[in-house]
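Next come two complexes, and both contain chain A; in the first it sits with chain B, in the second with chain C.
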Partner chain A sequence: MGNCLKSPNTDDISLLRGSDAGPEVSSEQSANMGPPPPYQESIPIYHPSPNVSRPANQLTEEEQIKIAQRLGLINHLPTGVFDGTSKKAKECCICMEEFLLGDMLRFLPCMHTYHKDCIDDWLMRSFICPSCLEPVDAALLTTYETS
Partner chain B sequence: MAGLPRRILKETQRLMQEPVPGISAIPDDNNARYFHVVIKGPSESPYHSGLFELELFLPEEYPMSAPKVRFMTKIYHPNIDKLGRICLDILKDKWSPALQIRTVLLSIQALLSAPNPDDPLDNNVADLWKCNEQQAIETAKDWTRKYAMAKNNNIQ
Partner chain C sequence: MASMEKRLQKELLALTKDPPVGVKVNTDAITKNLAEWTVDLEGAPGTVFEGENFQLQFKFGSRYPFDSPQVMFIGPNIPLHPHVYSNGHICLSILTDDWSPALSVQSVCLSVVSMLSSCKEKKRPPDNALYVKTCSKNPKKTRWWYHDDSV
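Right, the complex of A and B next:
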């Protein structure tokens, strides 16, 4: 506590690395550590619209907001683990693999079911159900946009 | 074939085991994402008894993004341009990962049966199609005879 100003050579990055040296590193030690590693080796790619791929640091503010909203909406959709009891859902039509016990699933409001990873990847590009082309909970989207 | 998604393998197997009538799609020996496609001109269309060669490529992102498909055989059609590019909504903004190579090729076959001059890719062709349909159909038949029948002997 209160030592932020004591050692100007140790910036936030050395704290983020969680080294066991603690925050009170002498200036000599930190000089030997070389430049800090970059935060991320690769920048995640987003799809502001289905045919557009752009690294996260090149998105417009509008696109960033849209993506943040989308992430929030996706997280509201129910998930579950395939337990073999569902008679209807047998195969994920995105990867064309049969559901296996223990697979993580996501359920859309139109009752179509997919692997969570498969459908989340798609929903970040287009917010419609791949099978019935229904907008995924259009009502929820409107309340988000107007509030 | 390392790194090829299971879905592509599955689709390829199914295409070989249960081919779509009037359509053949064979993966390239050197690239499992590239297919050599032949579509038979539907009967009762100006393309009847023509064999149209196409190329289909599954991009890295497939099935999150649509296959890229192009006519290699010259064809006179309002929704297909000189370079063989196809104006079809499911290949663009109406793509869904629930669609497959099979369904895409069926849609292209259907487009041959039902040209749509109101959503043209080639304006000259579309204009003729709208103002003199009979002549446009004659030209389409003529092109089919000229370009889609010559090489029939090496395709089944």
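Right, the complex of A and C next:
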């Protein structure tokens, strides 16, 4: 257990995430981290909650439902093929590669764009946009309600 | 596996070509093993760590950047800082809970530098003795409690 005091002015990490930084991450979020299990490359690993990784054959029923729901939500996020017309989206900040013509992309509600494969891998762990830290599902649910 | 190496190559290239002030990657060691980096950090001028040099170790798993790297201070000089344990472990939320794959070696280094720079008084965390005695070798296995001293 680590328990050190955080001084207020060390929290400003959001500055480092670029000019379009989203809401500041609360410093009071308490950590709930268990030891990461060893990697087993042969069995697919799922992440029913942030920081929880479990091989597919060790998921509880509840976790299986959660993952199914998550996959459903991810599938509702728009995708598209990079055609070079977008001036804003140039690079995927997960793999740090520039988008190439024909790349499959996924668009998040916050307008950040990633390779479909890159962001889907992350969304299975966390529904937070890696760039702006905006919760993806909140925006998605609001879209449902208004439409 | 391949995507992790590709991204690390990119980061390495960018960091050696255009390193931030006070941050220097030890490239000789990395060419042997891309999954383990050592970065030299300089205490910023005008701060309590002015003139001091530190070594930060990064270990990357095959799931980087989806998993955060394991980051700790190594070497003879571990900064005397309220968030740095004497065994080199660092209490910094972006290294565990607040990690995002958009973060990078560079942004972690900058966060650590800014954490050091904002330090007013050189001292160890209050629970240093107990923590160092009982913790895992891997700082990512620690259940960190990030909290504000105003709480």
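Heads up, the rule we're going with is that the second predicted complex is superposed on the first by the 94 of 147 C-alpha atoms of A that agree within 3 Å, B and C clash if a C-alpha of one lies under 4 Å from a C-alpha of the other, contacts with A are read in each partner's own complex, and residues count from 1 in each chain.
The definition used in the following text is that contacts are C-beta pairs under 8 Å (C-beta built on N, C-alpha and C of every residue); 3 or more make two chains touch, one makes a residue touch a chain.
Here the structure is a predicted model, which means the values were calculated and not measured.
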(message) Looking only at contacts as defined up top, I'd like to know whether chain B or chain C touches more of chain A.
(response) C
(request) Quick one: classify A:Leu59 as touching chain B (first), chain C (second), both or neither. (result) neither
(request) Have a look at where A:Leu133 lands relative to chain B and chain C in the superposition and call it first, second, both or neither. (result) both
(message) A:Arg125 in the overlay: touching chain B, chain C, both, or neither? Say first, second, both or neither.
(response) both
(message) Once chain A of both complexes is superposed, is A:Cys95 in touch with chain B (first), chain C (second), both, or neither?
(response) both
(request) Figure out whether A:Cys110 sits in contact with chain B (first) or chain C (second), or with both, or with neither. (result) neither
(message) Residues of chain A that sit at the chain B interface in one complex and at the chain C interface in the other, please.
(response) 50-51, 93-97, 118, 121-122, 125, 128, 130-131, 133
(message) Considering only the defined contacts, which chain A positions touch chain B in the complex?
(response) 50-51, 53, 93-97, 118, 121-122, 125-126, 128, 130-131, 133
(message) For the complex, give me every residue of chain C touching chain A.
(response) 3, 6-7, 10-11, 61-63, 65-67, 82-83, 85, 89, 91, 93-94, 96-98, 100-104, 107, 110-111, 114-115, 118-120, 125-127, 131, 134-136, 138, 140-151
(message) With touch defined as at the start, can you tell me which chain B residues reach chain A in the complex?
(response) 5-7, 10-11, 61, 63-65, 92-93, 95-98
(request) Using the touch definition up top, name the residues of chain A that touch chain C in the complex. (result) 1-13, 16-18, 25, 27-36, 39, 41, 50-51, 93-97, 118, 121-122, 125, 128, 130-131, 133
